[in-house]
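Take a look at this one; I'll ask things after.
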Amino acid sequence: MAVRAAVAGASGYAGGELLRLLLAHPEVEIGALTGNTNAGQRLGALQPHLLPLAERVLEPTTAEVLAGHDVVFLALPHGQSAAVAEQLGQGVLVVDMGADFRLKDAGDWEKFYGSPHAGTWPYGLPELPGGRAALAGAKRIAVPGCYPTAVSLALFPAYAADLVEAEAVIVAASGTSGAGKAAKPHLLGSEVMGSMSPYGVGGAHRHTPEMIQNLSAAAGTSVTVSFTPTLAPMPRGILATSSARAKPGVTAESVRAAYEKAFADEPFVQLLPEGQWPATSAVYGSNAVQIQVAYDDTAGRVIVISAIDNLTKGTAGGALQSMNIALGLDEATGLTTIGVAP
Amino acid sequence: MAVRAAVAGASGYAGGELLRLLLAHPEVEIGALTGNTNAGQRLGALQPHLLPLAERVLEPTTAEVLAGHDVVFLALPHGQSAAVAEQLGQGVLVVDMGADFRLKDAGDWEKFYGSPHAGTWPYGLPELPGGRAALAGAKRIAVPGCYPTAVSLALFPAYAADLVEAEAVIVAASGTSGAGKAAKPHLLGSEVMGSMSPYGVGGAHRHTPEMIQNLSAAAGTSVTVSFTPTLAPMPRGILATSSARAKPGVTAESVRAAYEKAFADEPFVQLLPEGQWPATSAVYGSNAVQIQVAYDDTAGRVIVISAIDNLTKGTAGGALQSMNIALGLDEATGLTTIGVAP
Amino acid sequence: MAVRAAVAGASGYAGGELLRLLLAHPEVEIGALTGNTNAGQRLGALQPHLLPLAERVLEPTTAEVLAGHDVVFLALPHGQSAAVAEQLGQGVLVVDMGADFRLKDAGDWEKFYGSPHAGTWPYGLPELPGGRAALAGAKRIAVPGCYPTAVSLALFPAYAADLVEAEAVIVAASGTSGAGKAAKPHLLGSEVMGSMSPYGVGGAHRHTPEMIQNLSAAAGTSVTVSFTPTLAPMPRGILATSSARAKPGVTAESVRAAYEKAFADEPFVQLLPEGQWPATSAVYGSNAVQIQVAYDDTAGRVIVISAIDNLTKGTAGGALQSMNIALGLDEATGLTTIGVAP
Amino acid sequence: MAVRAAVAGASGYAGGELLRLLLAHPEVEIGALTGNTNAGQRLGALQPHLLPLAERVLEPTTAEVLAGHDVVFLALPHGQSAAVAEQLGQGVLVVDMGADFRLKDAGDWEKFYGSPHAGTWPYGLPELPGGRAALAGAKRIAVPGCYPTAVSLALFPAYAADLVEAEAVIVAASGTSGAGKAAKPHLLGSEVMGSMSPYGVGGAHRHTPEMIQNLSAAAGTSVTVSFTPTLAPMPRGILATSSARAKPGVTAESVRAAYEKAFADEPFVQLLPEGQWPATSAVYGSNAVQIQVAYDDTAGRVIVISAIDNLTKGTAGGALQSMNIALGLDEATGLTTIGVAP
């Protein structure tokens, strides 16, 4: 029996990536596709890479259109998910790829998003401690942000094993699709090709409280996060460099052991052999996470490098993985650990 | 019953792409993987994007290692396939992704490749007139070159319908993976990023006689080809601009009609709606071909734009599509028309 | 005595490139800088690479602001130059980097630009036959389009020497800055990186009649042009592949001789040694033109490859070179043939 | 009276960039150009962007060839400079763009470079405290590494003003030219385009002790450095994110004031206005350094972003700036703060 899925916001990058993955999911039947300003257009004009859906036409994002599905994915601008979700029945699985239901602390939400807090839904990062239990049978899922996915997976084992101090320093580079499909001058190809630049420096990026939430939960104590995102000249991918000061007695071996243990049974996380380093090209279009860890005994820090595809594991793949768990399907159904390279 | 497949030359770009596709092919079981200088290495170090094969170790390319498979794919340097193929039984399907058996004319082979002609095998471009018949049940397949794939598909309908004169002019841009994985200074990232440059200008490129062979067959007369390849700052993709002077009486409508007819039932060729143009990003990692055609009544020429992924439809996907036909499987098994974008 | 120069439209790519060059011009003093929607902004926010001008503030584009200069450069949207130019005195040198005054044929203008023809000004491509004479002492200059610059320089020697037939076929790749700084979805970095795509196919591009005008003048007869522009994943540069069928008796030597003669004394055109091919990286940020020519005796065509920087020789550098001639300065003042590579 | 300059190692990226700048230096006359494996070749084939030098031929790197110049620039592989420098007279200014004479501590040299320490020369980073005094009249100059240039300029003001604690955490992205022109598989365009990856993680990069040396000198105490370099898909540029924990009492204002003071009179350092962030594109091909600073009061850290062109300010421009000081010329002669963008 097929799972019938609707996608609200099918014209953007997150929606397009989700459709790419849904087309390959053996249990899913693609239902309604909606847009706002693009309603009425052929999908072939908006997402020309999705040939099997080229003749589908976008409908407006209304409760009527979204009714009658088993799963509704929301790929809407921040702040719009709650109103739509409310109109969908409690029996429908709603997977929100926006930020609205990620944060537990209403104050954090209001500070970083500037609107009333809509609530908190089960968090779609199965690899975190207790992650799968929270998703099993869930009817509402908040898909993590792309940066928090890369960073939380990189650092939670160190915090869970009490290896590092509670001040994390993170610098990450993201491909431009993370900034969305709305045309803005600084995102023009002419501007981004050949250039690296930061943004949201000094704690201003909205993903910072989400990282703090995840790492503090793993540590069992309050962790501070210094997060600097940068824009890299590539369409996809996040490479995160996360580090924290090692606690006394930590060794390269104890660090390695903690990471081997944390990821031993994870279908999508590849802890690389020593000597090999993550590259975003290796996870291009895949749901895999590449991780490598180093202990710098001179500087006294544990450094973790993680690479994900921001649109796949960082958004749409993570959404699908969580949906699989919520529906009781095999977690890896319709997902791949095979990247497209070179 | 699984088809057991070996890949000779698994460390290069063609071999890596083939493995990526074979991993998703439901009827294939991946057998021996061989290399030359890389024999003995973990595949994870050579093809880090193929996570499920990371722990496989390359074996040397010998008849013993390649024995006992249903299909052997050869991804070897030009001129090396014949010696290997001879040692494989006549009952084994051998799919050569090199150039050795593409050309029918021994003189052309010797002029462009500088070695004795090894012979001619059934040609793996099913979309050409008679293409599928030549492949059904074949035990030897010569996979076309990447440029000839893009160009032959673009122009054969015009020649088959007698719409254009017998002088074709082609300029094509290719991603750098077409030049292979051997480290050469002019292929360094520092050199190719931000730059376009031509090579093999003036009829010197080895793919020229292959285009002539295909187009002349479609036209039923000898076609000349002026072919200029250029190197573009992208890893994958070919965008070919092919044109020829229109014959008297040709109209935009008659051109469009010929292309609609030629590709009406083709699973991998998308003749785009009028007003939409091919882009290599739309076929990234897919076996699809995007085609659009224009009639310039001022210049009196028919212009055809085609976009493929040089590694997929242009090499490994084309190989797999032909293998499917030869083995009597559904032609599209294990292949996709969904690109990875943006 | 300094030449005082104003730039109308200083916030775009053409205006920015012109300012970059003017800053290095020893005889020019930069006067008023104007914008439309950007009037009132610091130039440092709009053109952050022009550090010496960071604190300059854009003024509105009015006759008052532009008054009192020796030279006024217009980097305005097509169709806006005439109204501004009329308000400037006849004694002021006005250099239009837009299209308004390039075409001689009013019908061509109206067909391709859809507005009344404003007139024809001396054409700023000094390397064309008679090019310098037309510019000496001129008070009005129409700077050529970027594609017509690359293509006219590539083919005029063949036409002037009567080597080729009157049907030119041109395919050119351009960096994205040629499409300007206005934010449009298809120009986003996410869309253009890793992708090649065509536009304006089939004679629709506005630069086509300009090429016809130049090549027909060189040939002394009416030349047809089939022109296909493509967008390449790089910020700058044009690589043009231009070809035409060789006339009887033409040889590789006669072609080479014609090009050596045509460019023997040109300060900015480098006819490359045989065996070396143009690359856009070699002319990055420079006013140089790299040209190589081939005679394909099998296909019977002369193929010419040319590389320019679309913003430098193709726009702002060409403007400055023409200004130098008009003012009686050394033509190369303030310009360079040194690219920025890699 | 012209300064006659020789360049040993003219075929690589550092040598090519130096020649690009020397061609624009009004006081310098370019003398001997040498290479090793490339001796005997036309420079036009090796550095096609340097049109004015296209017909120069590389000579072998010998004392005879390098004799008779006022300045000799060494752009040689690490460990080769000492032997060459010894054969040049004490009266000749020798500017080493390699690492050989940068480190003061012989143990650091031996640990990171694996060969005997050759000595320590005056360090070519004029902006450091005491930097110009060390260079005035010098006859030997060690040009800093590219990463240490970006990082030392970013953090020395914070250490000199005692604003931050002695543990610096640095993540930097570099364009591929920083890895040189030797053809290695991981530097192929196919590998680097679309990908970010780290290297030398965990304190292994050779530039680490150089950063420690500079920052410890500024701090007056021993500073530890956690340095993670990453390779970005662009030819040029370094974007460094450097941070350290703020000392008690530090405020956003006190941080800003320290940086304004440190760079008030620096001709090449642009402390950006608040709200604007560095981008490598803005310094492409220029000797400028863009810096912005933030104080994250939640995380309690000072974060400094710096952008340079690794080949210009990071290598050849820095070399020329130091040469100017050593020779008593205006420090900015022949150098620019104007980038090539977009």
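Order as written gives the chain letters A, B, C and D; numbering starts at 1 within each chain.
One rule holds in what follows: a residue touches a chain if its C-beta (ideal position, glycine included) is under 8 Å from a C-beta of that chain, and two chains touch if they have at least 3 such contacts.
Bear in mind that the values here come from a model prediction, so they are computed numbers and not experimental data.
Undergrad: Based on which chains touch which, give the shortest step count from chain A to chain D.
TA: Tracing touching chains, the least step count from chain A to chain D comes to 1.
Undergrad: Higher C-beta contact count, A-B or A-C?
TA: Looking at contacts between chains, A-B has the larger number.
Undergrad: Which chain's C-alpha centroid is most distant from that of chain A?
TA: C
Undergrad: Taking each chain's centre as its mean C-alpha position, how far apart are chain A and chain C in Å?
TA: Averaging C-alpha atoms per chain gives centres 45 Å apart.
Undergrad: Between chain A and chain B, what is the gap in Å from one C-alpha centre to the other?
TA: 35
Undergrad: Do you know which chain C residues sit against two or more other chains?
TA: Residues 13, 175, 177, 181, 188, 190-191, 193-194, 233-236, 279, 281-282, 284, 342.
Undergrad: Which residues, counting only chain C, touch chain D once they are in their complex?
TA: Within the complex, chain C touches chain D at residues 13, 16, 20, 23-24, 42, 44-45, 47-52, 54, 177, 181, 193-194, 235-236, 270, 273, 276, 279, 281-286, 288, 290, 336-342.
Undergrad: Could you pull out which chain C residues touch chain A in their complex?
TA: 13, 175-177, 179, 181-185, 187-194, 233-235
Undergrad: Going by the contact rule set out above, which residues of chain D touch chain A in the complex?
TA: That would be residues 167, 169, 171, 173, 175, 188, 190-191, 193-199, 201-203, 224-226, 228, 230, 232-237, 239, 241, 243, 245, 277-281, 284, 292, 294-301, 303, 305, 307, 342 of chain D.
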